[in-house]
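Next up: some structures, all given as structure tokens.
In what comes next, chain A is part of two complexes: it sits with chain B in the first one and with chain C in the second one.
Here is the complex of A and B:
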């Protein structure tokens, strides 16, 4: 009986030694020299693999930082702390990090936007709706309400509101920008968090159509453009804010009958 | 013989939807009174949008060139009415999203009454058909409008008697040289027997003829094969496999000589023999064609069993020649050019009469329309006018589809204009088309059974849904022609075609991005 134990132990132990030796040799001979900076940077990154930086994931971002293709402050999720840590590892001056937040530039929910004669039946996805005559709403520029941005958010920072418009939970948002990319209508835009004035409409329709299809559209009356001294310009029937010259004091918010131009969170 | 028996309509799968053709199959084409305003889209064909040539205020006549082709795959657009360009706007379009259209307000007294049928006959038909429609119409307003339009059309009594009344007004316009000048800008007629191949092809190009089968592919592109490819056979698609539609059937019955003339022109251009593929649910048309053709050996009628999608390009080529068009290839790769019945007739008209493609033949049908009709309408007529002319919608009507029930698009705005390749308007009721709530896939495999191109629709749609677009491409998503057999059969009500279309669109987007970054 004892011999059987001994044989078994000797065989398994022997195999263990042989494989350990092979691994040890392989480690020495086949080792791939990786820049240790990559690992260090990967450590300080958030590890969400959200793709907000434009690379395949955090590790890919780290590789690109080390190769000099990405900037040390390129991670939108980590904020200034991560940027400082990455810059420290790279031995650079920490670049400035501006916190970006997605801004939903359409306020035409179920109650505001006018629906088409036909009702949409099909997959509840904005890109599918966009393909099929653009969902229920008559407006061809506004939010479709299918929730592609909600699905795209890896942090759960967007929820679909009761009015059929996505609502942002700022505390959860990391500014990765996945929602911006997911929106087929380009209604969501990434803006610095301290920007407060927006035109909440994307419609390029003529004034008559804009008014007919939505009660909160920018109708292109251009009152804001005349009063704001260059802060707001009109492009294709739509007020566009020129943030370099904008003075919020001069924007006549109360003159906008549809409240298309306004401060964030003012409704 | 054996080979022929096996081949007859032998594509795999397919479905047999209820035909519904009895509603309009015995009704002659009627001419729609010219509407007050037409909206002519710049994008009426596959390929690039045509380039605008007119501006607000331009005076146009029927046949005036409004937009020229932009790029190789594109087609010119001509005015379908006499009038003045009042606006260039974006309005609803049959493709879904709003597109640029040329709004032309029609000069009423000078309108030409139907060049296709004789003016006397037209007035008679219009008067006869509208009266019963008016009595049943519910809205007083619509009655008024119909009456007014009809009066305007009928009273001049055709082109000839209207001249004296027009004279003063015409004289005021500087562009008009003579009172008796024909009120259109058509091309000089050609004699198909003496004209050269190049002349004929050039005429097809300048007349802006696009395929009327559905995809609206510019015709001259099809007829000019790329170097190294040879056309061996011309197939005329008269299958009309879409349920309800009877346009092609009526065209064969009423325009038989023109059709054969058009085919002869196409045969002259391509230099090959022709086969007319027709489903066996149109016995009168088959008999008529066979009688007319007699013992001609160069044009043959091939009778095919009824099965949707028999009239799909690749299916019909397989049924007639036994050749399969490989995925991602065109019929010309197997030496075939296919044209629709309507397209052949348009060719004949363009050559012998010099008319550009400005009128569309359409079937207005379905259980939801009061009086179904086959109509000749000017391109750009708003759908609402056509529905009104057909007595309006019944209370049960729930949707209006442009095209057939299998591949047509549901309309949300009845102001969308008719285009060159519009084949019909179908109004369905809640009995014939009820929205279904999609449930989970039952794994029954019906969609796989009926798919005529041997795809796995359930798998493709799932890949699309899960955003696994590369997998979808590998599974052959681009071979799907969106015939709708799978969605028609699906007992779970899954919008399979919509998912597949989404997958295709996303894949194209990904590819475009890759090209850009590469």
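Here is the complex of A and C:
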């Protein structure tokens, strides 16, 4: 019985040893040089290969982080600790993920977009309004006021204001971006929290129509674009901010007759 | 002739995927694109043939003379795991895109029951060396065939208006069932 045991042990041990040796040689011959960061990130990931990040597994996620396609905080399982570790390896500010806040880029509430296209009867939902000939406002680009973003917010950080526009409670916002996805008009955009200058209008209407439908629209007069030296550019009757070149000092906020361009929280 | 019958039997009549239902995981997982399905089939075929050779050698030269038949499972798994590791290194070296496309399913060849099934069938049927090689080749060709057919169907299926509850894996499993029924038609061939 004892010899049987030793034979079995020796056989399996020997086989294992031979295969290990063969693989070691193969590893030397077939080694692919890859970015050492990938391995390091893979080490700190949970290793569950759950696919929660949207990639094929932890290794694939690590590759995409190194290539800049995935964010360092993209692993929902590891949470903030993993995000901090990954960010540290990538040389980003350790654990400091840039705080993103939703910005509501339409100020045309009940008092601004006064004239209505029609009276809307139906479910109070932006997506329903958007499907049904575009809600009751004359503007086809602005906030519908149905509150889809308020419903979509899992943290209660958005409430519908008296003016028919959602209001953000910054202290409750986690920057998840659900409201941005919920908005059928795309007037909610996620921006870094330190970004203060925005064009609070999405209207591509011509100047005359813009002025008729809403008192705070961007009419496309382009005065901000001319003065700001590349910080603001005009696209289809709408001023668009080019944040890479923006110098807030040069933007003529007081020249904008509708105050469509301005600083956040200054109204 | 004997060898050809073994090959044909493993490839078509007793197709590993469609009549033994071995290796369903990659069959469902990698069959959404024709090219990667075909590559997966080739990689698996390679592992199957090598496994057939190496396990035969180990079984007949080491395990059976030493009276260690009861270690077959462990030894076979060891062989398969090592071979898959080798194939993975090889593919990573030669084709990065393919390595990416196969993703998690490449290391999962290790746990592909078609391969352990092959090794155990070989022992059960007491195949000779040559027969084992043809058996492995047949199984590999059969696996590739099943995967490629499935991928072809699924590429067409993408365009079909599938009812929502059946979208994705459910309709794939139903298709696999119908495909398996079609393969039953070969049963009288040998």
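We adopt the following convention: the second predicted complex is superposed on the first by the 172 of 267 C-alpha atoms of A that agree within 3 Å, B and C clash if a C-alpha of one lies under 4 Å from a C-alpha of the other, contacts with A are read in each partner's own complex, and residues count from 1 in each chain.
Quick note on the criterion: a contact is a pair of C-beta atoms (placed from the backbone, for glycine too) under 8 Å apart; a residue touches a chain by one contact, two chains touch by 3 or more.
Not measured: the values here are computed from a predicted model.
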item: First (chain B), second (chain C), both or neither touched by A:57; value: second
item: Contacts of A:11 with chain B and chain C, given as first, second, both or neither; value: second
item: Partner chain in contact with A:117 - chain B first, chain C second, else both or neither; value: first
item: Which of chain B and chain C A:131 touches, first, second, both or neither; value: first
item: Contacts of A:32 with chain B and chain C, given as first, second, both or neither; value: second
item: Touching partner for A:49 - first (chain B), second (chain C), both, neither; value: second
item: Chain C contact footprint on chain A (complex, rising order); value: 4, 7-8, 11-12, 15-16, 19, 22-23, 26-27, 30-32, 49, 56-57, 60
item: Complex contacts: residues of chain A adjacent to chain B; value: 116-119, 121-123, 125, 127-128, 131-134, 140, 205-206
item: Residue numbers on chain C that touch chain A, as the complex places them; value: 58, 62-63, 66-68, 71, 74-75, 78-79, 82, 85-86, 89-90, 92-93, 96, 100, 103-104
item: Partner chain A, residues of chain B touching it in the complex; value: 89-90, 96-98, 399, 409-414, 435-436, 438, 465, 495, 498-499, 501-502, 505-506
